[in-house]
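Below, each structure is written out as structure tokens.
In the two complexes that follow, chain A is the common piece, with chain B as its partner first and chain C second.
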Partner chain A sequence: MARSASSRRKLGMTLFAWAIGILIFFPVLWTVLTSFKTEAEAIASPPSFLLFDWTLENYVEVQERSNYFRHFWNSVVISLGSTVLGLVIAIPAAWSMAFVPAKRTKDVLMWMLSTKMLPPVGVLIPIYLIFRNLGLLDTVGGLVIVLMLINLPIIIWMLFTYFREIPGEILEAARMDGAGLKAEIIHVLTPMAVPGIASTMLLNIILAWNEAFWTLNLTAAKAAPLTAFIASYSSPEGLFYAKLSAASTMAIAPILILGWFSQKQLVRGLTFGAVK
Partner chain B sequence: MSYPAWLVGAASVLALTTAANAETITIATVNNGDMIRMQKLADAFTKDHPDIELEWVTLEENTLRQRVTQDIATNGGQFDVMTIGNYEVPLWAKQDWLLPLEGMPERYDADDILPAIAGGLSVDDTLYAAPFYGESAMLMYRTDLAEKAGVTIPDQPTWADIKAAAEAMTDKDNEIYGICLRGKAGWGENMAFITAMSNSYGARWFDMDWKPQFESEEWKATLTDYLDMMNNYGPPGASSNGFNENLALFQQGKCGMWIDATVAASFVTDPDDSTVADKVGFAQFPNKEGVDNHGNWLWSWNLAIPKSTNSPDAAKAFVAWATSKGYTDLVAEQEGWAAAPPGTRTSLYENPEYQKAAPFAEMTLNSINAVDTKKPSVQEIPYTGAQFVAIPEFQGIGTAVGQMFSAALAGQMSADQALQNAQNVTNREMMKAGYPK
Partner chain C sequence: MGHISLRQITKSFGDVDVIRPLDLEIRDGEFIVFVGPSGCGKSTLLRLIAGLEDVSSGTIEIDGRDATEVPPAKRGLAMVFQSYALYPHMSVRKNIAFPLKMAGLDKAEIERRVTDAARVLNLSDYLDRRPGQLSGGQRQRVAIGRAIVREPAAFLFDEPLSNLDAALRVNMRLEISELHNSLETTMIYVTHDQIEAMTMADRIVVLQAGRIEQVGTPLELYAQPRNLFVAGFIGSPKMNFIEGAEAKKHDAHTLGIRPEHMALSTTDGAWKGKVSVSEHLGSDTFLHVQTEGLGTLTARADGEFPVRHGDTVWLTPQTDKLHRFDAEGLALR
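And then the complex of A and B:
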């Protein structure tokens, strides 16, 4: 009896989870379906779900009009570059806060997080002027720096949480065996924190890939990533929903595939240390 | 090395040198059909100018406006040619941010540009941007539904005619709505329409002391009639509808009438996208009985050269090409006369082939010619403009007022409350901005 009630509960929870999953995924699915419709079918009322004349013409037109691969390559360089640079800075910072905490370490961590609470538009003009004066406007290098700075608090916070799970005695033992600071971080701490670093890296790549405010405002033609590619298909005067959907599908496909294959690590990383 | 091989080698070196020396100009433009067509046909320009390379930055209108404003105001130098509206051109020219378009090639024929359009792009009789396409607003209506309802819509209808026709055409059981108008908040969304409607009701935004006039009888009549028509004969959820949403409704056969930008005419008569392509009639923007004003709606997308450009000559060569009569001929040759960029040149409207291909040509021209941007209201006013007031503060004020009117349409406040709030917010912002100046 109790067992039957338990399976009913399990089934209910499973169905609920599926319903939530479908609800979240539906906009993406609808975008993908719309990308295979004509513009007339894209706005048809009532809309057709699967029974329409499937066409690839939107993808052909998007490819003819825009240089997808240049935008794609910029996205790859910007998201990977900002993530790697962020990790290089964040690993020692998180190490010091986790293993050599000072009186104000918690305040420093909170202060770092507080920078994420400022609306980005508040610092747009100063950053734009700095970029202009340094010749960094519309450069991949400039975007790598700015996205690294934006995501740095999150990277440090995540790494700090992982590092705190590692027993300090192990590092102490390494030190007693003569390991210097550099060797301790590179050869002892980093290999032990690989799962945490990997999930931080994945999350940061996703955040950088999807970042649209700075990538739209600081680029023009040369360094524009896939967010600018999508923005070029939005129009308030003219119905281009099918083409916009095709451009969006092409832009999200790489990161969706990456997320799909790395979801186990991502979930593990995000829930690491949550339950003790 | 044999002679031909030597020749090929020399030619290759020459080609590489030319490519290396090519001047690159970056063009910021808006994503709409005419601009995308220009991008596709730009090979014709680079063929004639092998020393100039083109880079394109295409963005949605609001994003583009923010990007180019930020760049030009900070002297960023990211763009050599900018696509801007006739709202920005005089404001930016007065700020000395744009290069005057002097010394255009003789064959450019600047005198051929429609006077109403050229007037909106000139400061002290100097042209600061070249129009790529222009538009006014007009009434588009379903001839079959009008006939079925037994109503006749004159070429110059009054608002009373519109209200009567909307009532007669509405058939909510079959999802046919007598009238579709913009309701989505924004200075370029619902406020473009409502400002034009207020012009046609004899209202004005400000008196000669820059005092907001939302407490006037004319504004009250404007908003009350707008809400009355939309609530009784408009589609559900109209407070979220902008140009695209109404276009989709009209193309799907759900609107009896739609009053919006003239550029919509080519979309609703395109049989590939519209289910009612052969059942559309056109008439001028309505006016209130006794008020000699048809809304004064005028918008043009224009190519301008910022002062921060490093390639003024190459930029000017491109602007001259893209806005020339030759470009119009090229579009006609490649894609037919109906695709020619409308609303900028007199010669286009005199062309019998264009008149034949575009049934809306005459009404578009009449609508544009009826506009007076120097005096958009019949009352005395201290500003110029059209469906906007040509002051830098209008984007913010227009959007704030648009939110009030959109809320009234959604039933969140009454017309009187919306007008009172509009008066207060506009008054506050104008005081902050230091008016009267």
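And then the complex of A and C:
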């Protein structure tokens, strides 16, 4: 009896988890399905789920009307560029906070995190003006810098928690073995931290790829990434759900695929230090 | 060569003085053990010698050269850590070769020395494994291998056996002693285990609260402890201390007598008492005796000494083995 009760509970939990999973996934699924419908079917009521005339015409039209690959390339440069630049700054910062902490290290970390609590729109005007005066509006370089700055606290925090798990004695052993600071970092620290650096990098690429506030507000045409590509289908010409869905699907597909292949690494990186 | 001199060195962490002004000469080839209760500063002292901590004041000389400001990598010392501190991403071979690679030796020489060290330490079959695939004892041997290949001026051991089980600890103790005999290199060994200290050391440094209480050979410390702390710390079970009228009779504030220096009798003797606990170890019997007026004394008897809880016994101290201490706890000679 007890066994069947516990397996019933297990079944209930499984169903519940699936329901939540489907609920979260459904909008994405619906977008993808809509992208294969005609505009008429896209707004039909009641909507058809799978039984409609599948068509690729939206994709063809979207690619004809706006240059997907230019936006895609901008997204790649912006997310990779901001991530690499962020890591170059964050790795030494996280090292020093993890291995040579000072009295105020904790405060500095908290302060950095607190900048994430400020609504971005609060600093939109100053940043916009700074960008305008420096001639950075609608430039890929400008977006690389702003996205790097926005995600830097998260990168430093992730690396910091990861580095802290590396036992100090191993670094001391390297010092005793005759390694200088450079050799210590190259031969001992970095190889041990590679999984942490990799998952930080992945998460940051995803965050930068999906970032929409700054990429929409600081670009017009030249530097516009995929977020702007989607947005361009939303308003000016009325609502074209099917084309909008096709554009969205094309924009999220690369990052979904990257996330799918790296999910193990991501979960490990995000939960590192949570469980000993 | 491995002559190390510590001159008036101190170490403070903030307001806490971990090492108080301290002088020590460690002779070339000597096996010296730092022993003391936890928090006495023995590991800190070792780390100061290694260069992993900076001294607050004083100087450290290694082979006549001032090494106080020299970084650990340049002091020519090798260290074995309590946690082994092996590089988890490297094979055993690469772990042992690492200090040689850092020293810029050529490949053939590195290979020769790694093979030699592996043979000496019975690690030849494990050279291509990662540390995670080894047992505790094997990891400890890799750590020692990594230390010996460099042919350092001195070895520093920071409680290297405390993570091993009891049987393995005895084996490794012997191996380290044999290693010292064959290498004849200075070894500085930190432990809180007085059996390790007594069995391995040429000289023992007893530390308490950042101060050296006494330096001497194991038998000197056992036979002539300088004060109450050393008397109580060295020897197992620990020395009995008696105060009051009985101590006054011997012109002392405190009288000390080791459990093995009392004769036991079931019929007569100097101090009468009741056995509260008797511990039969086979080779020995330890009796905890509730005496009349002297408190509980521990005595050692033969393995077959026929007493049980509640029996009455008499203890008679060997007068030439009595230790006398003054009110400050210093030994009276």
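Keep this in mind: the second predicted complex is superposed on the first by the 258 of 276 C-alpha atoms of A that agree within 3 Å, B and C clash if a C-alpha of one lies under 4 Å from a C-alpha of the other, contacts with A are read in each partner's own complex, and residues count from 1 in each chain.
Going forward, a contact is a pair of C-beta atoms (placed from the backbone, for glycine too) under 8 Å apart; a residue touches a chain by one contact, two chains touch by 3 or more.
As the structure is a computational prediction, the values presented were derived from the model and not from experiment.
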Overlay on chain A: chain C relative to chain B, clash or fit: fit
Partner chain in contact with A:39 - chain B first, chain C second, else both or neither: first
First (chain B), second (chain C), both or neither touched by A:231: first
First, second, both or neither for A:167, with chain B first and chain C second: second
Touching partner for A:192 - first (chain B), second (chain C), both, neither: second
Touching partner for A:258 - first (chain B), second (chain C), both, neither: neither
Chain C versus chain B, contacts on chain A by residue: B
Touching partner for A:80 - first (chain B), second (chain C), both, neither: neither
First, second, both or neither for A:130, with chain B first and chain C second: neither
Gap in Å between nearest CA atoms once chain C and chain B share a frame through chain A: 51
Chain B and chain C contact sites that coincide on chain A, given as residue numbers: none
Chain A residues touching chain C - in the complex, by the definition given at the top: 167, 169-170, 172-180, 183, 187-188, 191-192
Of all residues in chain B, those that touch chain A in their complex: 26, 28, 30-33, 36, 39-40, 55-63, 66-67, 70, 74-79, 188-189, 242-244, 247-248, 251-252, 254, 261, 263, 267, 272-273
Residue ranges of chain A in contact with chain B within the complex: 39-40, 43-45, 65, 124-125, 128-129, 132, 137-138, 216-217, 220-222, 224, 228, 231-240
Complex contacts: residues of chain C adjacent to chain A: 50-52, 71-74, 77-79, 81-83, 85-89, 98-99, 102-103, 146, 150, 156
